[in-house]
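This is the structure I want to talk about, given as structure tokens.
Chain naming follows the written order as A, B and C, and within any one chain the residues start at number 1.
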């Protein structure tokens, strides 16, 4: 029997999320038939994009009915609808994006199925049932084997490259008839993304001695917004009263492990470095080419942060792809 | 009310991780209460403050040293502890079943709090499996919570900024995020009181877990290597910045 | 080709920098070398930077009180130099020395009177008015929480305290070393970083210079060991030096904790540096409204002597490398919590781990050596940050006198203190001394 993989397709606004394309490519590499499960009722609109990357069947979970606002379905009903569709199409393997939303839905599916779950994978090899992911606050890479009739995998966003593999795609309107409840949606909204704790943040841009005063942190804040990250500070900035202690990164502040840490005007003394050294990628922006962080970073720009950071903000906002 | 809080004894996020034999870590480092579980304990204790005749029970599946973490939960306000003793690390499928079995054996839960993830296994899943085994509704990554009678009103965060407010009937399972509350740390008098609170121990082998339908088996553990080769980007500020953005997108893939 | 200087100072920490400063002011062409990338980044950066005068010997009290005058007049001491990184600040909280069995406070009071240290005697009401969150019971002797008697109820109260209004701490010890470096540079002192010393060369019976890891040779007739926790390694490089010391130094691992203050107490702005021998701790305000908790090395606490290179590389293994331990976190926080019962104690240890350069009797060695031209300012034992500017002046005086013919071993230099107008017999700091039994053998000095 042909092996199939279902991919939980996340959409944002009217489009398939760009990060999904890497997930689809990773699923495609396993040489199975791909089913893309779409929950916004607009499968017809997404079909071409999905087919371009190898998804042969796009499944409208709610039957392609108009007016089905994805946010208004409770997460438990959504998961049961997905499982119902998977059972109907006889699919035993699910791929998804390990976004916050994706992690919730994938875990619900795995729990309903009582199947092994690998979330936030860095690599996938279905032939051997092997995945890798981080453990211990990102300090180790663990290799796991999944065994069982069914598996659920969530892939870390941005890690898997996207590559087109065009196929003909058809839209299947599957009408889920799972009852609602027990969770009941009362309201839905977009909140303030600035409410991310420093210790949790995936992206941090931090300012040090060279910031000069508290108002200048607005420059970093603008860049943080463009990055979808939060602003941190070194001890000097806190010591000087420019920013509150809650923003301090370092041995006597908060230890962080973001994907990206941009240090602006921070020399990078041992005490600061200890607080952010497990960041996946470190960028240093400093006028002093001999600053310790300039040697301990992945990418560095020698220059005035008040010139560089606004340019960075502008470049990030420029449309990509 | 009967509230259970599932807590885990994990390595301090600041601790150095040394791998022994390719699969285990050196456990002589500092272990402590999983940070997200602090928020779970705080949430449970706050519920107790609002309702008389409420008991908060801290439950853990862990080796002998996990008692330390139960004591931390007790010092933060839990009334008693339940320690499912195991000699080895267990995966989430076993953990969820063990927690469910121990809780069911112990009493009838109105609310079960957990943290949204354990910082060591990074599985993000135990609360969902626990709910499935007990056939209870579950919401995780909860940032706000209040109770009216036999239901909770919770806010959970999907993607950055996407919030859903849900009504959740009791009994239920709630996964706490860091934003849910600010845990209050115990004072020495609290810690001293906690030393006298009761912890009941039950062997994992004595629980009837049934058989999970699959396994996630650890094959190998390697340190995540930190070899940074500082690439200093040359050229005018505009050129350097454009190159940086390109590298972050295409080489490092972090944005 | 070797470069030549009048004096090479090994170590640009808070003691090395003022030695360079004072020698430069005297006209010496100095070079200070440091293996790290900037001034004050070694053990100086981890110093609690406490400024207090209560020592167990009269000379110790005098030396420290002399130092106060430098910290309190910081800008002028630095010759009003501009430092692009700003200036370190003296936070004058005042110092409370609790009268306890942990300190021979009567001896301290005697020394205060002899030296002229400004102080007040406080009763319990006065202490409580100053620090309402302190419970003034006696908890002596100092114990560890693993010992069940740690939790015994106290049986009586403390007797009171000696309060020094002039005590406190420096806001940024690394910055203070950097400030002194900038001041020294005005007088021609040179500083070289990322420069690790691997050899001290001798010729014709005296020191000739140093060799760096990259092979660079630098010559000077005077070399000063101010290498902090690495001091014993430098001493062992110079022929005859290690053998000629009766007092040796070695590196002691130390943990300092940062614990949040009770929420209703603004310790950062209203709190006092406190020396609390009754619980074996000293504490002072730290950023983020925290208590910085240092240990007074009570007998019940194990001592960890380490190799500094292994330690800083984090390679010594658990307990020996630069990670806080849960056991010591609990020990120091629970001890403070006996004094401050409302102290909230986080589950996660937070603080700083670093090294003392410890001498056999916890009193420093400020001396020449058996190798003419080679001097040492070492063995600070966790208690010399406050004395750094004075030590700089004193070492410069010593070096100059010895180079001009003084037989310091036979006739120890009498160091004249600029502010106190007292004389200190430098034999007190001699490398050849017998272990000084008057010492407290702790960070108290």
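In this text, contacts are C-beta pairs under 8 Å (C-beta built on N, C-alpha and C of every residue); 3 or more make two chains touch, one makes a residue touch a chain.
Every value quoted in this text rests on a predicted model; they were computed, and no experiment measured them.
Visitor: What is the touch distance from subunit A to subunit C, in steps?
Guide: 1
Visitor: Which interface, named by its two chains, has the most contact pairs?
Guide: Top-ranked chain pair by contact count is A-B.
Visitor: Which chain is most central here if centres come from C-alpha coordinates alone?
Guide: B
Visitor: Using mean CA coordinates as chain centres, what's the subunit A-subunit C distance in Å?
Guide: Taking the mean C-alpha position of each chain, the two centres sit 48 Å apart.
Visitor: Any idea how many Å lie between the Cα centroids of subunit A and subunit B?
Guide: 20
Visitor: Hey, how far is the Cα centre of subunit B from the one of subunit C, in Å?
Guide: Centre separation, subunit B to subunit C: 42 Å.
Visitor: On subunit B, where are the residues touching two or more other chains?
Guide: Within subunit B, residues 13-14, 35 contact more than one other chain.
Visitor: Residue numbers in subunit A touching 2 or more other chains?
Guide: In subunit A, nothing touches at least two other chains.
Visitor: Tell me, which parts of subunit B touch subunit A in their complex?
Guide: Subunit B residues touching subunit A: 11, 13-14, 17, 19, 25, 35, 92-93, 96, 119-125, 128-129, 131-132, 137-141, 143, 153, 156-169, 178-179, 212-224, 226, 228-233, 237-238, 240-242, 244-245, 247-249, 252-255.
Visitor: Where on subunit C is subunit B touching in the complex?
Guide: It is residues 151, 260, 314, 318-319, 321, 323-326, 329, 334, 337-338, 341-349 of subunit C that touch subunit B.
Visitor: Hey, which residues of subunit B end up touching subunit C in the complex?
Guide: Subunit B reaches subunit C through residues 12-16, 26, 28-33, 35, 38, 72, 184-189, 191-192.
Visitor: In the complex of these two chains, what residues of subunit A are touching subunit B?
Guide: Interface residues on the subunit A side: 12, 71, 74-76, 99-101, 103-104, 107-108, 110-120, 130, 133-151, 158-159, 182-193, 195-197, 199-200, 203, 227-228, 255, 257, 259-260, 277-278, 280-284, 289, 294-303, 307-308, 311-312, 315-316, 320.
Visitor: Which stretch or stretches of subunit A touch subunit C in the complex?
Guide: 209, 235-236, 238-240, 245-246, 248, 251-253, 267, 269-271, 290-292
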